[in-house]
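These are the structures, in structure tokens.
In the two assemblies presented below, chain A is common to both, partnered first by chain B and then by chain C.
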Partner chain A sequence: MTTTSAIVSDRYSTSTSQVLISIAVLLACLIVLFFVVDTAVVQDWLGYARREEARVPTFFLRIVVLIGAIAAAFFAITGTSSYRRNRVSYAPWLFLAVGLAFFMVYVIIPIFQSFSYSFTRWDGLYDVNGIWTGEWVGFRNYGLLLNDPNFYTSLWNNLLWLVLFMLAVPIGLGIALFLNQTVTGIRIYKSLFFFPFVISQVVVGLIFAWAYNPEFGLLSEIWGWFYCETKVNIVGNLTKVCSVDPPSILGNEHLATYGIIAAGLWPQIAYCMILYLTGLNNVSPDQVEAGRLDGAKGWNMLWHVILPQLRPATFIAIVVTVIGALRSFDMIATMTQGGPFGSTNVLAYYMYDQAVGEGVGRYGYGSAIATVLFLIMLVYISYFLWRMYQDEKGAH
Partner chain B sequence: MFPTPVAKYSGWAQWSYKLAIPVALFLWLLPLLAIFMTSIRPASDIAQGNVFGIPSSFQMIQNYAEVFAKTEALQYLINTLIITIPTMIISVGLACLTGYALAIYRFRWSLPLFFLFVAGNFVPFQILMLPVVDMSNRLEIINTVPGLVMFHAAFQTGFCTLFMRNFIKALPFELIESARLEGVDEFRIFWHLVLPLVRPAIAALSVLIFTFIWNDFFWATVMIQNDASLPITVGVRTLNGEFVQQWHLISAASLLAAVPPVIMFFIAQKHFIAGLTLGATKG
Partner chain C sequence: MFKSLIRATAAFGTAALLSTSALAAGDLVITFDDLNPDKKAAFEAAVEAFKKANPDINVTANNGDREAHKNTIRNALQNDAPDVITWYPGNRMGPFVDAGLFADISDLWASDENLKGNFNAIKPTMSRDGKQWGVPYSYYQWGVYYRKDIYDKLSLKEPATWDELLANCDKMKEAGVTPFTIGTKFLWTAAGVFDYLNLRTNGYEVHNDLTAGKIKYSDPKIKATFANWKEMIERCSFVKNHATMSWQDAIAPFAKGDAAMYVMGNFSVGQYKDAGLKDEQIDFFPFPKIADVPRAEEAPADAFFIPAKAKNIENAKKFLSFIATAEIQGTWNKAIGQLPPNAAAEINKDDKFIVEGMETVSTAAGLAQFYDRDAPAAMAKAGMEGFQKFMLDTSTLDEVLANLDRVQAEVYK
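Up next is the complex of A and B:
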């Protein structure tokens, strides 16, 4: 009896030495972190000629001390009797602490900071004393937005992206149905079809910028089969003579956006295809058989039997396609940089262009554009979360 | 199985299907094939309009060697690796912890916090851009590789948490419950019981994060301006400006940037697809 109670009381008592030592270490780490590690100090210690060069070592030193502080804090908490009595209620917070704090600092808090920037006029700089140089302007940035034709162009292009990008879903389904067979080598075919998604969008952009090139691109070559013939000119060189010149897709303000969207569709279709292939893999064969017995065939079967079972795949395909459409940036940056005459801008690119591109430095205006984009995205995010919430409720 | 297996078709239909797949694949990958052909031909071919025909001479090695010799391509590739690998380790590591916390413990904040990670994962980058740049500036890590890694790792923690939490949620809970009743410490349960079970999820996430970060362009453009720290995606675009109209070199450099994720995809195809299609089959 006495031994058991001794063990029990030991399990729940505070381990004083552990807590005290950990707190001492924690304090030491914090002091080092805030008062000792400094770029100038590290520069002196390690003998760097320029302050710039001391930045990365300083960063690593800070990280090491920070990790020390976190570890000490953990030891201090696990030493207390309160922790020992309520492990299950403390534990999730200990597991979450670092990841959550990290995510908060880099993702959640910046969203609100961007909101507040959007009410200011600021070029991103501080004066020599480290004091913010911006000024508070209320809703003026939003007022400017309403009178900015480029903003409307971007908004319109965003809408075009959203609508046309949706083509990726049915086309992806089509290819998935085409490939959902068991012939030799089909696995390799499937992964080769998926290829475009693995490649960087920058590379896809460059590939298509080249393909669209009116002088020696893929498209001009195909165009040549129909409209051009090769002739020997007076000097004796081969020249191409075309009855209709090939269009310069990216140089034409009416075509450029469609050209970029077509390029963007290429990897997106591949993604939708893989989602549907996985979905088709899990379609219940019994129901397909039952459908067949009922005489369902072709489109009927697809619409009434298969698609309802593919609903989760369709949902994910739509979500990733919407996000892909609203995030389109890389391709625009590589293919046209918003041109010609701003005709291919979308909110994402226009914001970048206003805030840091071309040395404009309009942080406030850029943030206002970003806020609009965020609000559009928020509609989809809320819908997605609502769907997830319904699923979670259903699971319990 | 839907559609009807081709094996049930007539012989002629089977043949045409088997013929149609390679043709479709050829058309689908035509832009890629064309750029590969461009990357192995001499510049003179392109100038003479021989863009698709048989190259007058095969210059694969010369062209690719020229890219490495004339530019910082090697440095860019190394930079990308030292951005990608630490990001992968940090975000997957943190997500194991957060995912475990959100999947196993029933506490009031469990679902709201999970949704916070999910929502954060979908926000447009532009809303984060200026505050993150400003913060990195004040922490004196703007324009450095660690500065970029910190952001990537934090942001990807969102996606990894979503993935991990759902993966751990699907594990048999009784296992953990019984270990807890035995009096095993929470951290031991995590380390000895759960971590070995989530290995497939760790593999899938690592491959995905590798590809995402390797292909990142936006954040590298925003956070890194000095040439010495640029990753390959931004590097390739800079080369595009340097090699004006030298398409054989531009295409060689582009393909170089594309190769590592492709290799990664082929090595870990199963994990890659399992990761991407998470949620596409439930319900």
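Up next is the complex of A and C:
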């Protein structure tokens, strides 16, 4: 009896020496990290001739000390009695801690930073003494946004993207239904249809930009068969003369956004298709059979038997498509850079353009745009989280 | 023990530990921003010459992509400053000067033999608040590059006035040639045309006042510039589809003979030749005269600056005064086919574009940097988008000007 209770109390009591040693190591690591290891010291210690050469070893030293500090903190916490008593509830948080810290530093804190920048006028510079050069302007940036025609163009384009990008869902479903059959070599066809999703968005953008090019693109070649003829120009070179000019899709402010969305749809359809293909694998054959017996065919079968079973796939397809539409950035950057004259901007690109791009340096204004985009996304994300929560509840 | 452990870790991390070298009389770290083969070679040659002249200085030269440099310079100036860095004069250096990130080198301009006397034409653009902040190593002229063989075939002459240019355009259009090529996808090419029309219609002062935010875009003077531009678009016309072409793409119709003229900077000559044109097929004339104003030219310069956080300011100044010498400026610019800002430097007499360019800029009443360097970046971006919009549809003029007035009111505050 006595031995058991001794073991129990020992198991849950604080191991003082472990905690003290680890805290000492932790403090030592932190002191080294913040006060000792800098480039000049490393240069001195290791005998580098110039500071630039000592930069990489400094970085590695800091990483090593940081890992030491984290390990020491880990040992210090696991040595305490309170941890030992509540191991099951503490352990997950301990493992999450590092990830959460990074999430805070790189996601949560920057969100609030950009909120605060959106109330300032700032060109992104700190002066030579490290002092911030901006000024507080309250809601002025938001006032400017309301008068900025480019902002409304971007907002409207975001809406166009959201609506038209949704086409990827039904088209993806159609292709998935079409490919969901057993024919020799169907795997090859499936992978061919999936191919556009594999290649990078930048490459898709370039391919479409070339295809649209009114001088040498695929579209203008086809157009040329009907409306153009080849003539000899003044210096004796062959040149194309058209009775009706081929459309300059990316050079026309009314067509350019549609052109980019069409390019964006190509990989997105492939993505939705693959989601539906996996969904179709899980469609229960019993229910299809039962439906058949009750005389369901064609549309009825699809609408009443198949689609309800594809609901999870549809939900995910809509989620990824909305997210894809809202972060449509790389296509615009590769195809038009927001042009002609800003008519293909979306909020994400306009924000980049005003804050970071080509040294325009309106960080306050860019942050205001980012905040608006964040609020729009927040509406959608809250709905998404709420839906997930409801589903989880339903599962129990 | 701890020290040796650190040593081992560092050696592991860097893979190779460089041998300890004796400390030299000083270091000099230079950051350059041009990876084009000829530009890179010319820079490296100048650095070698400097090393030879100053064997006791330990020089490190870094070189990077030009577009990337426009973003990385912010970090470089604020955190990890080199001793010498390239940047653009005019208003583009404004934000860094105002934030105190560039070192004031007025004393060097006052004491250095070369800077004192041979840089008068360019000195105003290197100045802000009455002080000088950098030393230019190169600049180049803008103007109209044209197909001489097409001009000869149509028996046209280089136009000296606006009416002559328009008359030439009429003849070209009759012969089925589009007078001007341009690619406005990246916007700045349109600003070149605007700048010239504005310099010729209103002169240098108005250009400076406009880019400094002192006059509005809806001002009658600027409207007159746009009226001339409209006339140019209607009677001369630019290639179709210019909104989808870069400046390099726009060389294709020029090389093919579909278009005959190009308002461009001298850096484009090499590209014409790469596209298959021979030296005798192309030629240059300064943008023709419109109103009776002194002739000013576009001549953007590239310069070296000293960051305020530089660790070896004395060595940096030595380097700047070294690249200001007539000898270095001459060899450097001969190698890259541009003009030396030092008036005493020799130029390449065999290059007709350089000879004509030197003639054009040295007799100019004023040198503009370029719309997107003279105006603050935020204004320039909106302005150039406006120019592109106007070029695509001249009827949008009032809308464009109203929008530019609005942006101007925000930016210059």
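Following the convention adopted for this analysis, the second predicted complex is superposed on the first by the 354 of 396 C-alpha atoms of A that agree within 3 Å, B and C clash if a C-alpha of one lies under 4 Å from a C-alpha of the other, contacts with A are read in each partner's own complex, and residues count from 1 in each chain.
The rule we apply is simple: a contact is a pair of C-beta atoms (placed from the backbone, for glycine too) under 8 Å apart; a residue touches a chain by one contact, two chains touch by 3 or more.
As the structure is a computational prediction, the values presented were derived from the model and not from experiment.
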(message) Just to be sure I read the superposition right, which of the two partners does A:260 touch: chain B = first, chain C = second, or both, or neither?
(response) neither
(request) Classify the contacts of A:248 with the two partner chains as first (chain B alone), second (chain C alone), both, or neither. (result) second
(request) Once the structures are superposed on A, label A:73 by its partner contacts, choosing first (chain B), second (chain C), both or neither. (result) neither
(request) Quick one: classify A:168 as touching chain B (first), chain C (second), both or neither. (result) neither
(message) Quick one: is A:145 in contact with chain B, with chain C, with both, or with neither? Answer first, second, both or neither.
(response) neither
(request) Classify the contacts of A:61 with the two partner chains as first (chain B alone), second (chain C alone), both, or neither. (result) second
(message) On the A-aligned overlay, A:356 touches which partner chain: chain B = first, chain C = second, or both, or neither?
(response) both
(request) Look at A:124 in the shared chain and tell me whether it touches chain B only, chain C only, both, or neither; answer first, second, both or neither. (result) both
(request) Specify the partner with more touching residues on chain A, choosing between chain B and chain C. (result) B
(message) With both complexes overlaid on chain A, does A:337 touch chain B (first), chain C (second), both or neither?
(response) second
(request) Would you mind listing the overlap between the chain B footprint and the chain C footprint on chain A? (result) 56, 59-60, 124, 213, 356
(request) Can you check the complex and tell me which residues of chain A touch chain C? (result) 42, 45-53, 56-57, 59-61, 64, 121, 123-130, 133, 144, 147-149, 212-215, 233-237, 239, 245, 248, 250-253, 336-337, 339-342, 353-354, 356, 358-362
(message) Applying the document's contact rule, which stretches of chain A touch chain B when the two form their complex?
(response) 39, 55-56, 58-60, 87-89, 91-93, 95-96, 98-100, 102-103, 105-111, 113-114, 117, 124, 177-183, 186, 189, 191-196, 198-203, 206-208, 210-211, 213, 216-218, 221, 230, 238, 240, 266, 271, 274-275, 278-283, 285, 288, 301-302, 305-306, 311-313, 316-317, 323, 326-327, 329-330, 333-334, 347-348, 351-352, 355-356, 363, 366-367, 369-371, 373-374, 377, 380-381, 384-385, 388-389, 391-392
(request) Spell out the residues on chain C that touch chain A in their complex, using ranges where they run on. (result) 3, 6-7, 9-10, 12-14, 17-18, 20-24, 27, 29, 58, 60, 70-71, 74, 78, 92, 95-96, 98-101, 147, 149-150, 153-154, 175-177, 184-187, 240-245, 249, 252, 256-258, 308-309, 311, 377-378, 381, 385-386, 388-389, 392, 403, 406, 410, 413
(request) Flag every residue of chain B that touches chain A in the complex, lowest number first. (result) 1-3, 5-7, 17-18, 21-22, 24-25, 28-32, 34-35, 38, 46, 48-49, 51-52, 94-95, 97-98, 100-102, 104-105, 107, 110-111, 113, 115-120, 122-135, 139-141, 144-147, 150-151, 153-155, 157-158, 161, 180, 185-187, 190, 211, 214-215, 217-218, 221-222, 233-234, 236-237, 240, 247, 250-251, 254-255, 257-258, 261-262, 264-266, 269, 273, 276-277, 279-283
